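One chain, subunit A, links the two complexes that follow: it is found with subunit B in the first and with subunit C in the second.
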Partner chain A sequence: MTSCDAIVIGGGHNGLTAATVLAKAGRRVMLFEAGALGGTMATVEVAPGYRSSALSHLVNRLAPEVVAATGLEMTCLAAPPAPTVVLGDGDPVILRGGYGARLEGVGAEEALAFASLRAKLMGQAAILGRMLGHRPPMPGDFGLGDAWHLGLTGLAVLRKGRAEARDLMRMILTNVADVADEYLTDDRLKGLLSFDATLGAHLGPRSPGSLLGLHYRLTGSAGGVAGGQIVPRGGMGTLAAAFVSAAERAGVELRPGTRVARIEAVQGRATAVTLAGGEVVSAPVIVSAIHPGTTFLRLVDPAEIDTGLTRAFRRHRSKGNVAKLNLALNHIPAFGGLAEADLAGRIVIARSTDHVESAFNPAKYGAFSPDPAIEVVLPSLGQPEMAAKGCTLSALIQFAPYDLKEGWAGGAPRLLDTVLDILDRHAPGLRAGVIAADLLPPTEIEARCGLPGGHWHHGEMTPDQLLFNRPVHAAAGYATPLDGLFLASAGSHPGGGISGLPGLNAARHVLEVAR
Partner chain B sequence: MIAARPQPAQGHFRTPLMETPFHPRLAALAETNDWYGWAGMKSLHSVYDEELEYFAIRSTAALFDISPMAKYRVRGPGSEAMLNRLTLRDVRKLAPGRVHYTAWCDDEGHVLDDGTLFRLAPDDFRLCCQGRHLPWLLDTAEGFDCTVTDETDEVAGLALQGPCSFAVLAAAGFTGAETLKPFQLRDFPHEGGRVTISRTGFTGDLGYELFVAADAALTLWDRLWSAGQPLRLKAIGYNALNRARIEAGFIVAGADFTPADQAIRTDRVRMPDEIGLDWMVDLTKSAFTGRRAIAAARAKGTLKHILVGLDIADNTPAEGAIVYHRGKREAGVVSAAIWSPTLKRNIAIASLDRPYGSRLTDDLWVEIYALRELRYAKLMKPARIVPRPFLTLPRRSATPPGRF
Partner chain C sequence: MKQHDVILIGGGHNGLVTAGYLQRAGLNVLVVEKNPWVGGAATSRDTGTGVTFSNCSYVCSLFRPEIMRDLELPKHGLQIISYEGGAVFTRDGDYLASYRDHDSHRREFARFSARDAEAYESYARDVTRQCRFIQPLLMRTAPDPVSFKPRDIAELLWIARRFGNFSAEEMAATVRFWTMSIADFLEEYFETDVIKAYLALSGIIGTALGPMSPGTAYVLLHHYMGEVDGSVGAWGYARGGMGAVTQALAASFTAAGGTIRTDAGVAKVLTKGGRTRGVVLETGEEILAPRVVSNADVKRTFLKLVDPADLPDPFLHRVKHFKMRGSSGKLNIALDGLPDFPALPEGSRCAMGDMHFTDSVERMERGYDDWKAGRWSADPFVDMMIPTQLDPTMAPPGQHFMSCFVQYCPPKLEGRDWTDADRAAFAETVVSQIADYSPGFRDRIIGMEVRTPRELEAEVGLTEGNIFQGELTFDQLLFNRPVPGYAQYRSPIPGLYICGSSTHPGGGVMGAPGRNAAAEILRDLRMHPKEMRPAHDVL
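Moving on to the complex of A and B:
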């Protein structure tokens, strides 16, 4: 039987981060990935010569401490923050810098109002962001380190003054629609905030707690700019390759194309994994960086875990709400009649709060809206290697419920048709120029990425599934009820997005408890 | 991610109190008409005279309707593993044709219920208990190759207890029952069907439990009743049984401990070690629900309670009494108490807060509030911790059983 110091299951960015950090600490680490390394972070060919990012298409929260801890090579991200264009009714709004540090397309008064809201949310995000880079405080297991971190967070709150502290408490669990209304009058800006706050979640902008999604987004940064975003050169696959080479340099033994069939456990301790081929590899530490539901409901023998834990994972909310569309186009679409440079970031089609809320409504009843909100990135702009001729388009469609009543076999072509119509309206002639289209509803994301429910964040990011309740209380804080088994995916604190923090935090926790 | 499970339809809510399959016979015999609801079924506190019913258990033979007990059937190749996940004891050690007393916990190691597990065949089990646990059992069974069904309504149960209980069986024509050892079970023919008889019971006496299809309940009752009359077989209610079970030192869910799924106050739950069931916890078998929590509580020494038997001076039953250390510091509460007619001792089961009962076992007192004609007589009586069972009867375990 093969053995090593630590096994990492799942070669997504969190698995690679955890493996790299463990290997750099001197552990002999083996990483098993069922598919290709990089996980959902990949560059795919939509049609011959047309390449796009498989799922996520922007980098906006890769944590600097992850870059430092892994020694990540960052050339693919060497670019200034990309703009956001909001297409509503009438002229577009353009946000430049870190989440609209500079605005174009609105009046001076509205620009001031936005700046004031932006400053408020950025300030709050800076405080909340302090919770992300380490293990969440666990009630009942509260250590000195937790007291230190919480104390610092409390100080940060107080330093901003009582009024700001009160405002944070007032706003933290409220909804994005009310906050947007409080500050803004421009529907396009409200639509953008509504879209960003709810992207990936089963929430509408008027759902309680929806502001937290926006806070979470603003905790991220790119290129040292808070709230910034970068379209990676060569697509997300290039960033994936950087994670892979960091792991290789650290000495991780990488085994892509190797599915873990079972996690073996004896009397409450995980001891080994059995690979699909039958090979058994043992290690005192097993870090699962795949979906936590898969880990506990599929890989671990139910005989080895408590009934309440099975129950908790059955109730774990992890059904995806976003469909991904990749298009190969024979021309560069002229969204909003804007210049190519302005379209090199993301383009958000969200007219207003009502637009996003209306797009969410049918999702509650297992249908998609005839008028969804959409985020578009054109990965090939300024990157001829991504499309020799024409252009590739990558879009996120909100909302596309996992449990579509009519079924996605029939629903996907209908949604594609709907989306192409909308895109064509904003970029006339786009539809006629489609060479190839690949629409991935949550069921397809589930199938291709081995991601149950097709939920990008490995579980809804609402307060019931955050911090010491992420993914579920008994398995929060990276350690699990099975000794030796740790969780490190986006399903764990702090959550989804290409941050690497779940993987980093998990690895650091492993190094702390399993010396 | 996982499809919703079909819920079995149950019509029990249409009738506030259901009747057990033996109801026609019990109703005809009930002189005191002291009915109460046991798990939603009409049951008798006493049939004709509580005292005499108790003495039927200890002197002749007593018939008690246990049909309201929840009865679950677990069948299939994965049932042994599933029950090992559920319960504290090692089901692999339970041979077919045997019964064992066991308990199960939630993830925090707090006891959900105790009960008896009957291994009817290698892949066929019956679990009998006080509470209703179907959702918990179904969730526990997920991923195991077995089925769980609630057969509470389909299966009628009788406890035949007392020194003459074997003689009643023999007179009723259950040949071969003499070879049944304690905790052994076997099927016997009855009216073209079969009755499962196990040498088990809740009295600490020689006794049997009989399980039969509900539609054969009355013929089984009649068969035992007519054979038992020359042997002074009596129908009894719960009060008499309760006395016998206290003498035997058995605990009752909901009385001597609060099942974890029913406790409203988070500190009122109990771990097995806190209600005298530590001997069941098998940390060497495969994992089971609550194992981690129990092992951690033992390692960290965070167990808070302990269940003890008390022998109390004086003859006033200490029901509900508060237990004191040195007569002043509160140490716990009495959950069950009787004057034992057989032992001629004042006995009680008490739940103490450690270290009382674990490290500090001397100088315990109980304060008994005896309501005597509109005035409480407060009696502070010394109590001594004694092992349970209070009463051990050789006839309970002798094989072949006596006829008396």
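Moving on to the complex of A and C:
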């Protein structure tokens, strides 16, 4: 039987981060990944010669502390923040810098209003962001460290003054639609905020609590710019490679293509994993960086965990609402009639709050939006090596629920048709130039990425599944009821997006408790 | 002329509660009311059919028993008849009965699903735990978390200690409960659509949210925390209609020496040197008093009655953005006989309580989608009851009063104002839904009063027709209600207070905002309310 100091299950960015950090602390780490390393970060060929990012397509929240702790090579991200173009009715709005530090396409008064809202939300995000980089405070297990962090957060709130502190407490669980209405008049900007706040979630902009999604986005940064975003050179696969080489440099033994079949436990203590091939590898620490539901409902023997935990994981809400589309095109689509430089970031098709809200309605009843809101990235732009002729297009389509009543076999072609129509309206001629199309509804994301429910945050990021309730209370804060088994995926605090923080926090927690 | 210590604007139930306590504490209080009657949204009246209607609110449960005792309301004629039973009619001709008795209720659930009957035990236990935590907060002023006054800090610690009594699991469950949607919450327990629909309705009544909106699980509590005669969670009819509550409050107030002036709409609150001086009536008459308390909602009070120059801009801004959003309508129907519901057995006591026709959460949510789009629900959720079966004082023999609370009904129709034709079409939507389950129902109607948010605003003065004087979402609860920093019944103008449902703990015929406001006013006067007995925990 092979043994090592720590086993990491899952080679996504969080698994790689956790493994690297543990290895750098001197542990002998083995990482098992059922598929290819990199998880949702991969560059794929849509058609021969046309490469796009498989699932995630932007970097906007990779945490600086993760980069520092893993020694990540960042050359693929060496670029200024990319713009966001909002396409509604009429002319586009362009946001430049960190989440629209500069605006084009709106009047001076609206630009001022946006700036004041942006400053408010960025300020609040900076405070909330302080909660992300460490273990969440756990009720019943409130230590000095928690008191210290909470105290610092409290001070940060108070430094902003009483009025801002009150605003934060009022706004924290409010909805994005009302906040947008309070500050803005431009429907395209309201549409963008509504879209960003709800992307990936089973929420509409009018759902209470939806503003938190926007706060979460604004806690991120890229290239040192808060609220910034960067399209990585060579697609997301390049970033995956950087994570992999950091792990290799740290001495992690990487075993891609190796499925873990079971987590073995004896008397409430996880001791080893059995691989699909029958090999058993033992270690005192097992870190699972795959979906928490899979970990507990599929890998652990039900006899080893109590029924309460099983029930909690059955209740865990983790069904995706977004479909991914990759296109190979024979030309560069001229979205909104804009120049290529303006299209180098993301293009958001969201006309208004009502557009996003009514796009959400069908998702509640198991149907996809007939008029979805869409985020488009052109990964090959300025990179002939990604598409020698023409262009690749990567889009996120909101809303497309996992449980489609009509079934995705029939639904996917209909959704593709709908989306191509919309894209063609904003970039005339696009449809005629499609060489190949690959639409991934949540069921397909589930199959290709091993993500149950196809939810890329590994669980809804609503307040009932955050902090000490993420993923579920009994398995929050990285430790689990099984001694020696830890969780490190996006399903744990602080949640999804390419941040690496769940992996980093989990590894640090392991180093603290399992010396 | 008699000099008044306090003028109270608006004779709704909260206003009369505040007035009652202040008068009994020895202050000289004048209530001014724009209508020819007092009672606000809890009024009984006959609009020409010979049958008495409860104008807006229609059942009683939340009204705090401490207030009933302090103000001696039973002595002044208030009698609550607790009722039992209810039914949700399903589209397949069956019905789900509800009973006050836990075991009967459970047995009825078992008729649909053994698993759901089992789950009802843990559901009831979990909801009761939440009620037990929330309920004592109702009768206390919400602490301001950033004021650092000793009193606020002490109150915060008191709440933290109560929270600390929970086990770690219970704390986590409490945070989940507060932020979940009622649909998701019920999904964790039950599998049967009609059972979920029946339980979900408490999460949406009066709220401009659908059952799938986060935060609605909390609204559920507002409908569970009540009690009638010490019987927790019970609901009752006020004998004589809901006006009996306010009439008893008014009688108690005048018996203590207070004065009520009806037909006296207030045009402005008078101030001088930044202090409250009194009010000007619509007739131009000035009435002076050093303290004015408004029972009107926060928008009406500060945007209509107060000179904006007297208010700081950030406060005004927040008042303007306070969410009112009416979401309900009401049909008061006079009937010449009991309607027949073939689904129910003859003489079933289920007909004595709430009857509904919405048998799935999805139908409720779709009703909300209509509201979001600025339409009334094509397939509305109706909470229907016929109180005259238990209270014969409201109708001549053989005739009946039927109250239909209707959700959802927007304050504006696709951005435009309601017309009488719209109102008639809205009523037809509701009547035809009832008629689907009660053949011959239309022929029994001898009179009908239809209230959309337009009528609620015009008659009762509820801005946008919101029955809770403001949405019960987290950003408008506790220290956020109605305006952060002004959640303790005071306003930026010294001497001006608010006491309506716009304040903590919010709507329902509860009286708690009125009592809490009275306590704060007396505190400012350094007076001790002799009659104010401590609130009690009932659970």
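Throughout what follows, the second predicted complex is superposed on the first by the 515 of 515 C-alpha atoms of A that agree within 3 Å, B and C clash if a C-alpha of one lies under 4 Å from a C-alpha of the other, contacts with A are read in each partner's own complex, and residues count from 1 in each chain.
Here is the rule we use: a residue touches a chain if its C-beta (ideal position, glycine included) is under 8 Å from a C-beta of that chain, and two chains touch if they have at least 3 such contacts.
No experiment lies behind these values; they were computed from the predicted model shown.
Enquirer: For A:Gln267, select first, second, both or neither according to whether it touches subunit B, subunit C, the two together, or no partner.
Expert: A:Gln267: touches subunit B, not subunit C.
Enquirer: Identify the partner contact of A:Pro208: answer first if only subunit B is touched, second if only subunit C is, both if each is, neither if none is.
Expert: Once the two structures are laid over each other on A, A:Pro208 reaches subunit C alone.
Enquirer: By the touch definition at the top of the document, which applies to A:Leu173: first (subunit B), second (subunit C), both, or neither?
Expert: A:Leu173: touches subunit C, not subunit B.
Enquirer: Examine A:Pro452 and indicate which partner it touches, taking first as subunit B and second as subunit C; both and neither are also allowed.
Expert: In the superposition, A:Pro452 touches subunit B alone.
Enquirer: Which of the two, subunit B or subunit C, is in touch with more residues of subunit A?
Expert: Higher number of touched subunit A residues: C.
Enquirer: Which partner does A:Ser318 reach: the first (subunit B), the second (subunit C), both, or neither?
Expert: Only subunit B; A:Ser318 stays clear of subunit C.
Enquirer: Return first, second, both or neither, reflecting whether A:Pro139 touches subunit B, subunit C, both chains, or no partner chain.
Expert: second
Enquirer: Can A:Glu304 be said to touch subunit B (first), subunit C (second), both, or neither?
Expert: Touch partner of A:Glu304: subunit B, not subunit C.
Enquirer: Which parts of subunit A are in contact with subunit B and also with subunit C?
Expert: Dual-contact residues (subunit A): 474.
Enquirer: In their complex, what parts of subunit A are in touch with subunit B?
Expert: Against subunit B, the touching part of subunit A is residues 265, 267-268, 293, 297, 301-311, 314, 316, 318-319, 452-453, 474, 481.
Enquirer: So in the complex, the part of subunit A that touches subunit C is made up of which residues?
Expert: Counting only subunit A, the residues touching subunit C are 138-141, 158, 162-163, 165-167, 169-171, 173-174, 178, 182, 203, 206-209, 315, 317, 357-358, 361, 364-365, 462-465, 468-469, 473-474, 476.
Enquirer: Can you list the residues on subunit C that touch subunit A in the complex?
Expert: Subunit C residues touching subunit A: 145-146, 166-169, 171-173, 175-177, 179-180, 184, 187-188, 209, 212-215, 314, 321, 323, 362, 365-366, 369, 372-373, 473-475, 479-480, 484-485.
Enquirer: Which residues of subunit B touch subunit A in the complex?
Expert: 1-2, 81-82, 84-86, 106-108, 136, 139-140, 142-144, 283-287, 289-292, 295
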